[in-house]
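Here subunit A shows up in two complexes: once beside subunit B, once beside subunit C.
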Partner chain A sequence: MESADISALWVTLRLALTTTLILLLLGTPLAWWLSQTQSRIKTVIEALVALPLVLPPTVLGFYLLIALAPGGIIGGFSAHGLAFSFTGLVIGSVLYSLPFVVQPLQNAFGSINRLHLEAASTLRASPLDRFFSIVLPLSRPGFITAATLGFAHTVGEFGVVLMIGGNIPGETQVLSIAIYDHVEALEYAQAHWLSGGLLLFSFIILFLVYRQNNRWAHS
Partner chain B sequence: MAMPTMAETIHVATASNFSQPLKLLAKSFEENSSHTVRISAASTGKLYAQIKHGAPYHLFLAADQKRPEILEKEGLAITNSRFTYAVGELALWAPQQQFTGEAKALISQTDIHRISIANPKIAPYGIAARQTLKAMGLWEQLQGRLVQGENIAQTYQFIASGAAEMGFVARSQLSEEAKTKGYYWAVPPNLHDPIRQDAVLLKRGADSPAAKAFLAFLRSESAKEVIRAQGYGLGDS
Partner chain C sequence: MSSIAFSFKLERGDFQLNAEAQLPGTGVTALFGTSGSGKTSLLRCIAGLEQMGRGRIEINGECWQDSARGLFLPSHQRALGYVFQEALLFPHLRVKANLEYGWQRTPANKRKGDSNHICDILGIGELLQRYPHQLSGGEKQRVAVGRALLNSPQLLLMDEPMAALDRARKAEIMPYLERLHAEADIPILYVTHDLEELARIADHLVLIEKGQILKQGPLTDMLASIDLPIAKDEDAGAIIKTQITQHDDEYHLTHLQFCGGEILVSRIKRAVGEPLNIRIHARDISLALQPPGESSILNVVQATVTEMVDQGAGRFMVRLDAGGTPLLARITHKSQSRLGLEAGMPVYAQIKSVAVSI
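Our next item is the complex of A and B:
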């Protein structure tokens, strides 16, 4: 592999890990609220969360570039804007992969038997205590699925990064962009290596998750 | 006596930067013939890959000379049909800069944070931008401030959206109004190799009189006038 490809691999992994961590931190309370609430705005929030599933990444990227530009609604918080920066990519990826983390968590939380929680409640367990000692262990498969899908989806991200990244080596040049550039430059051998690697990597990750979930389902 | 010609549909693959002028050219060609022109615009590299894998195009208007040449060598394009239909011109554009001075002084300003160029690895206008910056002695010092668009359209969009303060775009992308807004500098052609854009008749079009007629039309005076008016130079053909 070229050193540029190795650096793209590193940026990709760093981006996927950071995004997954942030999404688990933000997505857990959001998914919990969605699974418990009777609020009327629940449907609105659910639709908003699902938007990245149906929107072309180019739509997201187009608006993100404007928002991240110097003086934009997000970019305005930074002196030079956040477009073409790693931070900008993280913001884009969090939005882009949001449904992949929130939806499995919401499903997991929603399928927990309420009687368990009520029993704990009569034993005077605080809401926080109930969450950590009942909800978390019972929704372990949901967390694994959410983390894996969030991670894998960010690794496979292309359109958004293409629109807001600016292709800066070591900062915003990710693996999918490097593959695209190899193809455009007619460097098909390198494109094969990276594409094949990514294909294998994605399959292995998904295989491991499904195997683990099947084991838990049968145990 | 002229034989009545069958109405045909010509499939033209064009580099994105030329899709606007091509639409005008196709319209005027259609008005003077019974044929229809169907345009597919993408990057030259992507179109090359598609043609290599059997895409049904009759003509290929590339953004460089390299890809048509390779197709010729691979037997996918008709030998001796290749010619330069347009020569791209590079311009520096900074719509928000109120600056009157030399371009070099403007680019060197340290408070310019992001300068947009097309990716020199894959885009002909990117190669020209890199050559220009090297010729000006600025390439090294600008590393870290350069952002790359995948093609010249995205390079333009980075600047138009305000995400990058300035950049090197194609002169053909800038309206007269855009040029008067902020800072505009037509890069002298001696700072980079000419951006020669070649057209070629593909194997699929070899037996199509309409495709050949359109290729001939591209070299006509009326077509040249349109191409020049759209901000391109002309080849010597």
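Our next item is the complex of A and C:
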């Protein structure tokens, strides 16, 4: 592998890990709220969260590009804007992969028997205590699914990255873009290596998740 | 005098709970009523699980809720134990961790009871390393009772803890509950719609109908009255306090003495001199004006008719007095008029069978 490819791999992993971590931190309270609330705006929020599933990545990328530009609603917080930076990529990926984390978590939380939580509350467990001692352990399969899908989906991202990250080696060039470059340059050998690698990686990840969930479903 | 005092109002759709009572602060109090009468809602209000429930509750001097003063302790701040209809053990925790869940969250200076002893009473010492899905229905419910007791409660709430169990499992768990009753030093509120169950376990009875408390009183008095809805139950019947006077090994019988006479029952494994409560179903007593002649019925007691109620559908409930002990007899309307029964008449009560409870 060329050093450019290695650095693209490194950027990709860093991006996917950071994004997954942030998504778990933000997605958990959001998914919990969605699973418990009877608020009227719940449906609106659910639809917003699901948007990245149906929007062309270029649409999301286009609006993000505007928002991240110097003086944009997000980019305004930074002197030079956040477009074409790693931070900008993280912001874009978080939005783009949000439904892949929130939906499995919301399903997992929603399938918890409310009576178990009531039983815990009669056993002196405060709401926060109940969340950590009952909800989290019982939602373990949901968390594994959410983290894996969030991670894998970020690794597989292309359109949004191209729109807002560009193609700066070592900074914003991720694997999917590197493959595109190789193909453009007719370097099929390198493109094969990276594409095959990603294919295998994605399959193994999904296989492991489904196998684990099936095991839990049987126990 | 220790007591549980509460008054609750809760509206949900067309159901209205409006219950106010002062109950004994010791022993087992049964909340009895048909399904939909509001027993469970009342229990949930007491536990603080119904945030819409307004009212107040005081347990042996400690106030948990007083809506008028804006006081509402959430469930987790009320020192109670709650046994639900289903065991609701936490599936990701072993039995031991389930039992210790409340214990660990109780401040050390407020912990009461001893887990070994409680496991002993409930017969769950062997199950500690198992997961809930490895337990039978009866075992799960016993662990749930243990978990509630180890929460060091000041009040134990039990919501039809045997409703989800079949007859065999009920029979398996009942002796444990009876032991619990004998040993627990905290008040227990026990919701049930099974007269048989409450006759075995309760000291005090509260009747609930359409969200309101109809009547309450000591179990023996309540079961011996003929004008309450429970008198219409198939299992209606009075409780009699007796003493074991003699064992008859030849015929495998035990003699029980009560203030209205003597009753013979199948041999009981208890010492002579011990007190024993028995229950005689109203359907198991027949009445005669003359002393019955040769018959296979062993137990005949002399009594006086004190009251009668026409229960409709050709059935009459007769209340008798046998030397100061009330008895209930259910007879047909036809028998009543053929015998010409009236209050004050002496009769012979033939007892077909006797239920022995603790």
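Note that the second predicted complex is superposed on the first by the 219 of 219 C-alpha atoms of A that agree within 3 Å, B and C clash if a C-alpha of one lies under 4 Å from a C-alpha of the other, contacts with A are read in each partner's own complex, and residues count from 1 in each chain.
Simple rule for what comes next: contacts are C-beta pairs under 8 Å (C-beta built on N, C-alpha and C of every residue); 3 or more make two chains touch, one makes a residue touch a chain.
Predicted, not measured: the structure shown is a model, and the values here were computed from it.
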Chain touching more of subunit A, residue-wise (subunit B, subunit C): B
Subunit B versus subunit C as contact partner of A:175, first or second or both or neither: neither
Touched partner set for A:60, first subunit B, second subunit C, both or neither: neither
Contacts of A:167 with subunit B and subunit C, given as first, second, both or neither: first
First (subunit B), second (subunit C), both or neither touched by A:69: first
Which superposed partner A:135 touches (first subunit B, second subunit C, both, neither): neither
Which superposed partner A:34 touches (first subunit B, second subunit C, both, neither): neither
Partner chain(s) touched by A:80 [first = subunit B, second = subunit C, both, neither]: first
Partner chain in contact with A:183 - subunit B first, subunit C second, else both or neither: first
Subunit C residues within the subunit A interface of the complex: 47, 49, 74-78, 80-82, 84, 86, 88, 90-92, 101-102, 105-106, 147-148, 151
Contact footprint of subunit A on subunit B as seen in their complex: 43, 45-46, 48-49, 70, 113-114, 116, 119, 121-122, 144, 146-150, 154, 157-158, 161-164
Residue ranges of subunit A in contact with subunit C within the complex: 113, 115-116, 118-126, 129, 133-134, 137-138
Complex interface listing, subunit A residues touching subunit B: 65-66, 68-72, 75, 80-81, 83-84, 162-164, 166-168, 180-181, 183-186
